[in-house]
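Okay, handing you the structure first.
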C-alpha cells in the first residue's frame, strides 16, 4: 500500500517565481490497484510520480510504502521496490548494450552487482520467455543493440525490464505519449497484460482520456495540485470518455487553456 | 561511399607510411652516395625553437668545424626539433638510436633525458648543452657529457652593484614550479647580502599571473629587477619592461636576447660560445681522443657583459669605464 | 635493420601509452565524462615511480603503488563532481591543477633515475626470462605483456555485473537509478579505475625514460582522446573488435604516425598540424559511417 500524507511541494521556494503546487496533499493507493491519472499540464501528475520516486524534494509530508516512511530515502534506494517506465523510450534501456545485456542488468536489480559474470547464460531462456509475452519477436533479438530497435520495441523492452524482478509499484509516466497511435495501442495492451500477469500495483499518468477510461480500476483527475475526480471499481467501470471530457474541459477553460 | 572512404583512408595511410620509409631509405642512400658509407651521423635533438637554444646548436656546429672536422666527410648532421613536447623528444631519441647514430647532441634537459634513455641500449655517447644542473638531472655519470648553462649569479650581482652603487633591493619574479628558477633564487638570496643587496621575490604558478606580480614588485619599491631564464616570465618580458620603464626601474637580463628586448644590461652566457665549447668536446669524442664517459661536464668559463645603451640612457644609468670597455652592445 | 629497430621502439611506445588510452577509453567512451585529470595523474604516476625507484623499492611493486595513488586522483575528481556538484570539466581541471603542485612536492623537482637503479625492464624476473635479449627487445616484450595483461583484465571486468553497470552509467544513467543503484558511485568508480591506469602508464613511461618532469603530463588528455577516437572510429565497422583492442591499435597507430613524420623530416612545428589533419580526417570519416549506419 502507498500513502501520500500531507505532502507540501513548493517550486523555487523563497524566489519571486515561488509556486506552491501541493499543500497538504493526500492519496492512498491500495495493493493491486491500477490507477490512471489524467489532468492538464501543470496539474501535478508528473510531480506526484517524481515525489513518490524521490526524483524531486518535498517541503513536508510523508511518503509511506507498506506503512514505512520513505521520504528521507534517496531516489535510487526507493527504486528497490519501484519500477518505472518513462515517456521517452530511450530512458528505459541502454542503447549501446544488447538485449541480453539489458535484460541481465534488469535481472540483477536489487542484487549487489559484484565481479561475477554479468551474463548468466542459464537465465537466457527465462529472458526469452518474458520477452515473448510481448509477442513482438524480441526474443529473437538477444544480441541486437537496443539502439537499433524502434521506439515501440524499446518501450516494450523497458516495460519488461522494469517488471522483471519483484516490485511493489509500477510507475508509468506518460509511457505511450511518444509513440505513434498504433504502437501506443500495442504498448497499452501489453501494459495491461503485464500488470495483470504479475499482479502489480500501478500508477499511470496519461493524456489519453480513452486509455484512462479503458484501462485500470481507478481513475483520478488532477488540477492545480488537487484531485477533482476519483472514481474506483464499479464507478470507474461505468465511466465513458465523455463523462471526464466535460470535467476536463471545464477545468481547462478555467486555466485559460 | 563508406567503403570508398575507408579505402581512401587506408591508401592515404599506406602512402604516408610508404613516404616515410622510402624517404628514410632515400636519406641513407643519399648519404652513402655523397660520401663514404661510414661517415658518422650526429643526431641533434633540440627541445624547441628558441633563440638561446638555436644559438647553442649553431655554436655546436661551429665548434665541430673549428676542431678541424668537415661536414660531409667527417660527419653528417640529422637535426630534429621536438617543439617543446617531451613525448616527441622521446621518439626523436629513439629514431636516433634505431639509426645507430655515432653521437647524440641534446639541447636542453628534456631532450637530454630522452636521448640518454634511448642511448642506453646501444651505449651511444650523448653530449648535452643548455642544461642548468646536470648533477640533479643525473646526467653527470655514464657515457654522457656536455656543458651547463647555469646562471652567473655572482657576476650579475657585481654588475648591478657597479651600475647602481646606491641600490638596496633587487626584485625577482619567478615560477615556483621551475626548479632552475628556484635554485637561482636560492643563490641570489645567499650571495645578495655579500654585495649589500636585499632580495625581494614574488613567485607565480603560471604566465597569466606574471604581470600582476610585476605590478606588486614595483609597488614594493625595489631599486631594480633582475631577470632569470624563467620561461613564463621571459615570455611576457616586453610587457614587464613597459611597466618598469614607466616606474623608472631598470631591469637586468640574464642573457643577450633579453637585453635585445630592452633590459639595461646582463652578465650573461654567450650561448654561441657555450655551443662552441660543446662542439669541441663532441669533436674529441668523434676523433677518438676521449670518451664521453671520461670527460666531466663543463660550465662556461667566461661571461660577457651585454648592455643596451638606449635603455641605459633612458634610465639615466652611467656605465663605469672599465665595464663599458668590455661590454657588448646588444641592441644592434 | 634501421627499419626494424625503429618499428620495435615505436611499437613499444604505442604499447606503453595504450595504458593511458584504456583509461581515457573508460572515462570518455564508457562514462561519457571528459576527464582532464589525466594531465595530472599521468605525471603523478611518474613522480611516485621516480621517488620510489630512487629509494630502492621493487620496480614491479612501484607499478602497483603508482596505480593505487593514481586511483586517488580519480577519486578526488569523482568526489568533487558527484558529491560536491562541480561540473565534470571543472572537477578535472581542479584536480589536474592541484596535482601539478602535488607532483612537484612528491618528487621535489624534476627527478632522474640513475642507470644503476633497476626498472621493470632490467630487474628480475625480467632478466631471468629475457636477459639474453637486447634492452630494446626486452622493453618491447615487457610493454607488450603489460599492455595485453591490462587489456584482458579490463575486458574481463567489463563483462562482470559491475562492469555492465559501469557501461550502463555512460549509456543511460537514468536506467541505473531505476535499477536501484547510485549512478554517482559508479561514476566515481569509473574515474578511479581510469586514473589508476593513467598513473600506471606514467609509471611505465618513467621507468622507461628514467625521468620524471613536471611538464610531462601536458597534452596527454589530447593524446588519449585522439587515440580513443581514432581507434574506435577505425574499427567501428567491425563489431566484433573490442573497444580496448581498438584503442590499443589507436595508440600504436598514433605513435607510428609521429615516427613516420619524424623520419620524413617534418618539422616539429608542423607535426602537430599534421596530426590535427589526420585526426580530423578520421573523425569526419567516422561520422559519415555512423550516419550511414543510422540510415540503413
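When the chains are written out, they are named A, B and C in that same order, and each has its own residue count from 1.
The definition used in the following text is that a residue touches a chain if its C-beta (ideal position, glycine included) is under 8 Å from a C-beta of that chain, and two chains touch if they have at least 3 such contacts.
All of these numbers come straight from a predicted model, not from anything done at the bench.
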| item | value |
| --- | --- |
| Most distant chain from chain B by Cα centroid | A |
| Two chains sharing the most C-beta contacts | B-C |
| Chain at the geometric heart of the assembly (C-alpha centres) | C |
| Where chain A and chain B are represented by their mean Cα positions, the distance between them in whole Å | 69 |
| Whole-Å separation of chain centres (CA-atom averages), chain B against chain C | 31 |
| Whole-Å gap between the CA centroids of chain A and chain C | 42 |
| Residue ranges of chain B touching chain C (in the complex, touch as defined) | 1-2, 5-6, 9, 12, 16-17, 19-21, 23-24, 27-28, 48-49, 80-83, 85-88, 90-92, 94-95, 97-100, 109-110, 113-114, 116-118, 120-121, 136-139, 141-142, 177, 179, 182, 205 |
| In the complex, chain A residues that touch chain C | 74-80, 82-84, 86, 90-97, 101, 104-106, 108-119, 162 |
| Chain C to chain A touching residues, read off their complex | 157, 159-165, 167-168, 171-172, 174-183 |
| Parts of chain C lying in touch with chain B, wherever the complex brings them together | 2-3, 5-6, 9-10, 13, 100-101, 104, 109-110, 112-115, 134-136, 208-211, 213-216, 218-219, 223, 234, 237, 255-265, 267-269, 271-272, 281-282, 285, 288-289, 292 |
